[in-house]
Amino acid sequence: MDSHQLDILILAALTAVTCALPGVFLVLRRVSLMSDAISHAILLGIVVAFLFTKKLASPWLVIGAAVVGVLTVSLTELIINTRKLKKDAAIGLVFPLLFSIGVILINKYIQGVHLDADCVIFGEIAFAPFDRFVINHIDLGPRSLWTTGAVFLLNLTFILVFYKELKLTTFDKGLAAALGFFPTLLNYLLMTIVSVTAVASFESVGSILVVALMIAPPSAAYLLTNRLSTMILISGILGILSALGGYFLAYVLDASISGSMATFAGILFFLALIFAPEKGILAKILVRRWKKWNFASETLSVHLLQAEYAHAEETERVVSHMSDHMLWNDDYTSEAIAQAIEDGLIRKEGNRLTLTPLGREKAKNILEKK
Amino acid sequence: MLLLNTIAEFFQNYTIQIVFTGSLILGITAGCLGTFAVLRQQSLLGDAIAHATLPGVCLAFLITQTKNPFVLLLGAGISGWIASLFLKLIVENTKLKKDAALGIILSVFFGLGLLLITIVQKLPTATKAGLDKFIFGNAATLLKQDVMMMSAFSIFIFLVLIVFWKEFKILVFDRDYAASQGMPVHFFDVFLTTLIVIAIVIGLQTVGVVLMSAMLVAPAAAARQWTDRLGVMLFLSALFGAISGTFGAITSSMVSNLPTGPTIVIFLSIFVLVSLVFAPNRGLLWDWIRSYRNRKTILTTTMLQNLLLFSEIQTDPFHPHDISALKAIGRGAIDKTMKELSRKGWAQQFEDKRWALTPKGLDKARKLTKEYEETISGFSSA
Amino acid sequence: MMMTQTTKITNPAIDVTDLTVAYHEKPVLWDVDFQAPQDTLLAIVGPNGAGKSTLIKTILGLLKPAAGRIQVFGKNYRPQSRLIGYVPQKGTVDWDFPTNVLDVVLMGRYGHLGWFRRPKVEDRKMAVDCLEKVGMADFMNRQISQLSGGQQQRVFIARALIQDAPIYLMDEPFAGVDAATERSIITLLRELKDKGKTIICVHHDLQTLKEYFEWVMLLNVRAVALGKVTDILTQENLRKTYGGKAAFLTGLKEEEEKGHASA
């Protein structure tokens, strides 16, 4: 591996972690798609700032992006507040407009610079090592490594400083407002952070794949843990894994690095979706199967108890009656009876079912519990 | 006559004809289905599905090695449809919310598409395969066969909408009630989503995956402001979609360096903005006028009742009061309010800025007070 | 003590036996038996989360039961047979939907019309008649977003009326309506009952229970009691349904004692 490849790898991993940090809060606050809206809309800010400064490496580009990011959020909220349109439609109207203006400005007024619509969508991390940060003839490494590093520190500081506030406003907005924590202000701060992160990552991974790095690792982490701090940690780790895995996937297939990173992030999410220990689909199927029979045997004992209370005739307690009454098919009924006998809840004498003391106790508990 | 000739010449141009017809079909179809997407609050579903069609386009090319639009769009449709199933899988099986699921599907599928595009571009057979036109769309590259296929798809959509009109209507308005009448709602859910996938596929070549969602959302959002009938909304949405689509596509193919998708979005946004502000009844402008009038009425009637209250203390109902006293108890621009009162003949001004009720004003004030008391007692007795 | 108080009913309109319903394997209804006699006004009463709406939705076939049998007029029920008119909670739909009052009522005819067919003049006439019955005929061309809570409820009831079903299931028809609407709805329900219809409502207000309904089912995940309101509405049953903490029930106790004294 040469030094350029190493540069790319480090930059990819750093970008992924930087995106994952605010992404955790977007996912938890159910505003994941604001990342999509913002990462598109900020193009307008970048283009306008570029038209004034004529430099790609100007801090004004970041400021322009942040301003348009906040503008996207406030325009969307403005439309929602008129109550003429619903939230999803408002989001779906604002960002395409801002993005379109940006694309048209690029096409009409910016030619031959390293800023075109394709680069906006795709990003090209492979070129990053060639843009060096040089002070006094000393090569300090790729420029984007420095900018992304700075944004990473900014995001980390933001989350560390406002951890308690972010947590509270995310989980209980009303209480946060009552305690004087300014949830609206914090929301705008978070959206500014998202905009700045998007503009920094944009050059390497492109506007749409920023969304993959912001949303997929935190969503996977959400399926793996119930604690906020652990979720942030896992999101970061999954982000780095997406970067590394994506890089090697791209190397093997000789394909776009950013595309591969998003694909790999998607694969990791899919694995979490299937295999996550508690919230994964596989775990749910297993639990569901276990619960189904558990539930069936409990239902049987509750039914028998009700029959005892009602002093129902003998027929209520006969095996053949069960499938008829519960609208279960015969296989299901015999399976349920077998399960209930195995659990020690009922006894079968000939064709007749009776509750064991344990079964009676359990059924009573179920009925009395609210 | 010269203008008419120019227009006639314009439409004799073969490329323009193709572009015009293609974008017209696209605008109408997207407008129709967007109506349902917006009313179901699924505006962003279109965005996710549109992005998710990209890997399908690339895979179709990789497998068949042809640029036959039917094959590519079939790939797009299958991939978009699979994406919608993934969405269902995530939302129904985890506590993750719809927005996160949409974000993941949108970006990961698009990333996969990007990965495949770069592979396609490195193939020796792919002489600049031109698959990137699917990203921003390029109306100028439409061919006659593309337009034929788009028409076939959209005719299918129209037929379905006509046949199942009342079913879709009740599904979107009240799903539970529809099910209680024995309607197969799950089937219609998937059916409607499939139609949206088809509409997106129709637009891919013209508008591109990135901005296709605006083509669905914007015409419907604008149309909603002008009417309270579903049928009219659908018609207007199709009309707005058609106008924006054709204007945008033709402008972009006549002006150099003007990508089609973004140009159409600008036209669409103009429709939305104008509709939000000026649409009769629902528009913001009428909201503002109504609230201004309301405020004016409240200010004048309150002042009138205050004058009545004052006058009874004085035993002379037409006793003039100093404007400064009125200012002390009133709200808003008192001078303006008093002018309005005198314009209506309910109050008159004396010298040295003193104001008094007129006999007509006294009647009106008494009537207002009586109505007010009746409303209050009506509330308490109910 | 655990024994449920029930009254034997012959020829019930709705007959639910051993119904168990679960959301994500968590039981919402446990082994519920429920019989609704024909031509009555019956209220389903219970605390929040008792499974009242679940019971209604399961009878309608909107939810799949884990176990149990549901029969309507002695036959297993399928929504396609449309024997039940449904009035959902009015908060479950988007009232900003672009349609007018008449159109919403016509939706009640869609089931009868079947596939492909559009509502005809007769259907419109029926819709206007139903709107007249709920006192909303003047509003037939009104956009639905301009209706008050009480008017929305009347429109929903008109939509159920046009189905002309023998049984009506209503989910909280009195929630969020004004006093005048509440009175006119109850008058209408009584008229329906007199025509031999069976009306089952999820109800919240224990104060009006005795006045409005003849029959009541007390429900809290399991069936607590079912029978004539006068027999069922006892301190003991209410405590079983709502738990011991229900302080607001004391008013009802006094009323009950007064009733006993005068009797």
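Going in written order, the chains are labelled A, B and C, and every chain counts its residues from 1.
Simple rule for what comes next: a contact is a pair of C-beta atoms (placed from the backbone, for glycine too) under 8 Å apart; a residue touches a chain by one contact, two chains touch by 3 or more.
Just so we're clear, the structure is a prediction, and the values are computed from it rather than from any experiment.
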Subject >> Chain of greatest Cα-centre distance to chain B >> reply: C
Original post:
Among the chains in this structure, which pair is joined by the largest number of C-beta pairs in contact?
Top reply: A-B
Original post:
How many angstrom between the C-alpha centroids of chain C and chain B?
Top reply: 37
Original post:
Just curious, how far off is chain B from chain A if you go by their C-alpha centres, in Å?
Top reply: 28
Subject >> Inter-centroid spacing, chain C versus chain A (mean Cα positions, whole Å) >> reply: 40
Subject >> Multi-partner residues of chain C (each touching 2 or more other chains) >> reply: none
**OP:** Could you check chain B for residues that touch two or more other chains and list them?
**Re:** 41, 224
Subject >> chain C-facing residues of chain B, complex >> reply: 39, 41, 163, 165-167, 169-170, 172-174, 176-183, 224, 227-230, 232-233, 382
Original post:
For chain B, which residues count as touching chain A in their complex?
Top reply: 38, 41-44, 46-47, 51, 89-90, 93-97, 99-104, 106-119, 122, 132, 135-136, 210-211, 213-214, 217-218, 220-221, 224-225, 257-259, 261-263, 265-266, 269, 272, 276, 282, 284, 287
Subject >> Touch list for chain C against partner chain A, complex >> reply: 2-4, 17-18, 20, 22, 25, 27, 30-31, 33, 65-69, 220-222, 243
Original post:
Residues of chain A touching chain B in their complex?
Top reply: 27, 30-33, 35-36, 40, 79, 82, 84-89, 91-93, 96-97, 99-101, 103-104, 107-108, 117-118, 121-122, 206, 208-212, 214-216, 219, 222-223, 249-250, 253-256, 258-263, 265-266, 269, 273, 279, 281, 284
Subject >> Residue ranges of chain C touching chain B (in the complex, touch as defined) >> reply: 57, 60-62, 78-82, 84, 86, 88, 92-94, 97-100, 103-104, 107, 110-111, 113, 115-116, 118-119, 143, 145, 159, 163, 178-180
